[in-house]
Structure formats: C-alpha cells, structure tokens
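This is the structure, below, for whatever I ask next.
Labels A, B, C and D are assigned to the chains in the order they are written; within every chain, residues are numbered from 1.
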Amino acid sequence: MIRDDDIGGRGPARYPIVGVIGGSRVDEDLRSMAYDVGRLIAENDAILVCGGLSGVMEAACQGAYEHDGVTVGILPSDDTYEANPYVQVPVATGFGIGRNTVIVRTADVLIAVGGSYGTLSEIALALNLGKRVVHLQSWSLDQAGAVDPDLYVEAATPEEAVERALEYQPGPQ
Amino acid sequence: MIRDDDIGGRGPARYPIVGVIGGSRVDEDLRSMAYDVGRLIAENDAILVCGGLSGVMEAACQGAYEHDGVTVGILPSDDTYEANPYVQVPVATGFGIGRNTVIVRTADVLIAVGGSYGTLSEIALALNLGKRVVHLQSWSLDQAGAVDPDLYVEAATPEEAVERALEYQPGPQ
Amino acid sequence: MIRDDDIGGRGPARYPIVGVIGGSRVDEDLRSMAYDVGRLIAENDAILVCGGLSGVMEAACQGAYEHDGVTVGILPSDDTYEANPYVQVPVATGFGIGRNTVIVRTADVLIAVGGSYGTLSEIALALNLGKRVVHLQSWSLDQAGAVDPDLYVEAATPEEAVERALEYQPGPQ
Amino acid sequence: MIRDDDIGGRGPARYPIVGVIGGSRVDEDLRSMAYDVGRLIAENDAILVCGGLSGVMEAACQGAYEHDGVTVGILPSDDTYEANPYVQVPVATGFGIGRNTVIVRTADVLIAVGGSYGTLSEIALALNLGKRVVHLQSWSLDQAGAVDPDLYVEAATPEEAVERALEYQPGPQ
C-alpha cells in the first residue's frame, strides 16, 4: 500500500500518520480493540506508527498488517530485531522511554488504547504539542486538570476512535 | 556548596538530586512556592535539577541559588545561554521537550509545582521509572486512573513537599 | 514492495535496512551516484533509511522511490512535512543532528556518499557500533587513525558500494 | 568554586564550559595528560563537562576535582550512580552513545585526548556545530578530508591544549 502510482512525488503528506499507544501487557478486550484500530487505520490508507513492541502495539500492527497497511515501530532499544513481527519499518532509537517523544512527533494524531504511565506520558506530550489524542478506555484526564476537550477525546469503539482521529488532520506546522 | 572537603571521593551519591518541574508561566502564588522549594532543597544540601527556563524553573533556581545551593538546568535548546540567570550548570540537550526524559532520569525524586501538559509528561515519565513525585497544586492523577499513592504524593506546603521528597531516596538502581 | 505475500510474519529481519548518508548540498557527480545507490538498494529489496532532507538524501530516495523501493527519512526537526518528496515514511525526531544516532542504529549497514562533518559523525557512530560503512568519495579515515578495514570500506562505483554493503548482514545483536 | 559571591546573577555565561572527550580505556601517558587537562580547566575557573565514565573522563574529572573545579558527567545510561567518583553533577540521559550530542552542545569548546570511534563522533559533531576542538594525540583529520584548521587544532601539551581552548570563547549563538 505504501506504493501507489497515483501518488508519487507529492511528499510525505500523502498519507496521514496515526500513532497508536498503549501498554505492552493487555487483556483480550483491549487487544481486540487495538487490532480493530490497526485494521481501520489500514483500511483508511493511513500509516500506523507505534512503539513497536508487544501488547497494544503488536495487536494494532497485526490488524494493519493483515489488511495491507504500513506499520512503523519506533523502538526503545538499539536493536531493530526487537520489533514485533508485524512491524514493517523498525526504527531503533536507543533512547528507551525517550522514544515516546519521537512517536508523538511523527504522528499527526494519536489513539490511546488503555495504557499505564508510559501511555500517559505520550498523551501529555501529544497535548503539549497540540495534537489530538482519541482514547479508548485510557486515562480520564478531564478529571485531573484543565484539558482541552477538542484535543483529548473519548471514543466508545474502534470505529469512532479512528473516525475522530482521521477527521483531525492539521496541515504543515 | 558543591565542594565539601568532608565529602570528596564518595561519588555522585553524595548529594540527593531533586527535580523541580512546573510551567514556564506562573502566578505569584506558584512562584513563591517554587522559590521556597528551591530554598529548602539548598538548605538540605541537595542538588536542584530542572528544565532551566522561566516560571517555576527560574523561581526554584533563584531560591536555591540565593541559599548557596547548586542548580542544574537541562535545556530544550542547544544554547546554554538560554538558561535562566540562576542556573549554574546549564546542559544543552537540543532535544526540545524530549529533554524532559533527561530531567526525570537525572533526578532521584521530583517535586511538581502547578504545571500543564509538559509537567504532566514529566510526572508520567517519573512514575513509569518508579520515582516518587510530590506535587503542589498540580494534576489530580488519582482521579484519572490507577496511580500508586506512594509514588504520587500531594503536599500542602513547600516544607512538606521537600520533606516528602527527601525521605524517599532509592539507592543505586 | 514493502508488502510481499510470501514474507508476512517473518518480522523486521525480512528486509535488510541500508542507511545512506551524505551532505545536503552536493555536486552533480555525487547526486548521480546517490541516485544509483538508492536505485540499487530498491532493486535488491532492501529498505533505504536516511536523514530525509536534500542533497545526497533526496537523490538516494528518488532513486529508490522510482524503482519501487521503500524510503524512510529520520528527520532532525519535529515536522514530518520537512522530508524530501521521495520519503514515504518520515520520522520526526526533533533531536537536530542528534538524529544521526537513530539513523545509524536503525541501519544494518551504511553507505556514505561524499559528505562533511555531519557525515563523519555518522561514520564514526556506525564504526563505534560495529557496523560496516562503505564509502564513495567520502572521508579517508585510514589516514587519520586506527580504522578496521573490514568495517570502513572504500568503493569505486554505486554497484560496488551496494554489493559490499549487502554482503555484510550481521544477525540479531 | 561554583559559588562565587562576586559573580551571582550574571547567568550561565559566567564560566566557560570545556568538554573533555576521549576513550574509557587509556594508557598511563594519556591518563596523565587528561589529569593535567582537568587540573588546568579548574585552575582557569572553567566548568568541565565529559561523558562521566572511566579512562580519560575519570582522569580529567579527578584533576579538576582535586583542584577545586566543577565536574559534570553526561552519562549514557539512565543511572546517575554509574558516574566516576569525581563527577559532582551527574546527568543521566539514557541515550547511550546518543549522549555525545549533549556533551558537544553543552561545551563551549572541546579538548580530545586520544580516543577511538566514539571520540571521533564527538569531534565531528563539534566541528559540525562550529565549535573548536583542540586535540592531544587524537585523530589526524587533516589527512582525511577538508578540515578547518581554526576549528580542529593540535596541541603538544595539556597546557597548550587548555590555552588554545580557552582563547576560543564564542558568545551566545
């Protein structure tokens, strides 16, 4: 899918880039939602970027991979072989959790599926950069402080999450 | 204070390192609390590390600086001259908000004073690394998700904040 | 090319990843060599990773792009729209020249085409990590210090460069 | 030394920051030179910044520490306790060799003592940023490519190295 003869030469803007964030250990419900999020990203011709490891990241990559999508894994280690098997383009940062910043900067918009402290750090970085985060069963930030409701958006289903994400496409910064 | 003839040769463990995080724009109340936090860090012979810029960062550095403390500023830009005037040791990362990871990794424990999304990202990174964050009028995370009450601790005054921070000194990792 | 039904599920090892490094301003000779290097990387079913900007980076991406290859641009800024138009997967690090480390860690092997100090830093980082660098008209390091001749290899043509690069495929670290 | 009542409030520019780079394993000659470089940096009221580990880094820190200097160690790991015992201010980046960029950005000017590929990467990054590197028995870059002789300067002794470094103090960028 990354190659489309109708598209060549129009630059990286050609496809939206959607970040998927969430924990490396998940229950079956979250895994299933993450798979569907990945599938829907692929079916909407967007590139999926994530942290490249297991749990939500692997389920989302599998969903995209099995539906002809493109999957990018921004890894914490310096070893591209640590990516999950559905990552087509592994990027080895070697920055540990500091790679979260790179995920957030690369994505146009993000979808959080569950997640713990690491996911919260990515949500906060995205909001700091003015990027929308749509979340499925993740942190209830509106109860924790002053949060822009147009930036941090709750969704009930993977379909709603991807729709709310893709409707939000800021142009070049 | 960084030189003490009784201390030489015992390595970096010799002084606790306390991170102070918070926004670059603050009202007078937060500024005053940040100043007192910095003062108390200095009076307790700890090193203050922060983001090196204005607002909470500058007020805390001033409080430490004016009470013979040591102040370290981990800057987002690649220009050490962007540090506030109370930073004695500026570190120019050039990583933008990615420098938050370095602040959190360098600190043994952190104190959050107010703060917006950037501060929230530092809180989340610290909790992810298992480091205590004591907060003064910052995010109410216990209302947002599952948070370890021994890691994320609310304080009512600068005195209580520094006390709760310094009582929490993990050894070498 | 990134999708190949015969390959699915074998993980990121499936394709070699070749880094192409060199200056953002180049003469026509270097540009032509960089284009051919990119073309040959694509024709050999390898992924091309580079710094994503102009000069050698753009020429190599164009060569790969126009021959059905996959191009990844690890950018210094935090804006994916700064990638050259032949980058399919832009990664926005926001680390400035610190992104050179990410290029080197992501690539299995590197090809240097000309280049100044920035390229030299990438060559040195790669050698430090034990990765081969094949060079075309780049730094003559063997005259500057102790350099492993199996790691830093001069080539006379793009064909020889890509051949020497692809013959050197270390396994998982 | 970091505290001087005559100096307060003039900001981080108050002291020059000299980076010392070199290998973690060294012979006695290089170690002795590194110690003297550190001593002379301290005696000239400059801050010493280095990679914080052993070899040249430790010898230089010891020289500065034992002559009332200030020593900063920018560490590759995320553990401040990995600094050598003469580091007063450890900074834990967690970026591995990516921390070399932070050393170079923080220093006003650098002194290389011997060194292998890692040191070469720091030299190249410094030259890329337009910062002078004075070297003692390090890479002979003038034989390897086009190098600015005002930026990359050979010295014969620690005294000459520190003198050539401190005479080169660029202002704010």
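Throughout what follows, a contact is a pair of C-beta atoms (placed from the backbone, for glycine too) under 8 Å apart; a residue touches a chain by one contact, two chains touch by 3 or more.
Note that the structure is a prediction, hence the values are computed from the model and not measured.
Listed here as common contacts of chain C and chain D: A, B.
Contact with chain A and chain B alike is made by C, D. Chain B and chain C touch with mostly matching residues; of the residue numbers seen at this interface, over half occur in both copies.
With centres defined by CA atoms alone, the chain at the far end from chain D is A. The geometric centre of chain A is 26 Å away from that of chain C, both derived from CA atoms.
With centres defined as mean CA coordinates, chain D is found 40 Å away from chain A. With touch defined as above, residues shared between interfaces to two or more other chains in chain B number as follows: 78, 94-98, 101-102, 129.
Considering their complex, residues 95-98, 100-102, 116-118, 120-121, 123-125, 127-129, 138-141, 143-146 of chain D touch chain C.
Chain B contributes residues 1-3, 8-13, 17, 47, 49, 65, 68, 70, 72-74, 78-81, 83-95, 101-102, 105-106, 108, 129, 172-173 to its touches with chain D in the complex. In the complex of the two chains, the chain B residues touching chain C come out as 78, 94-98.
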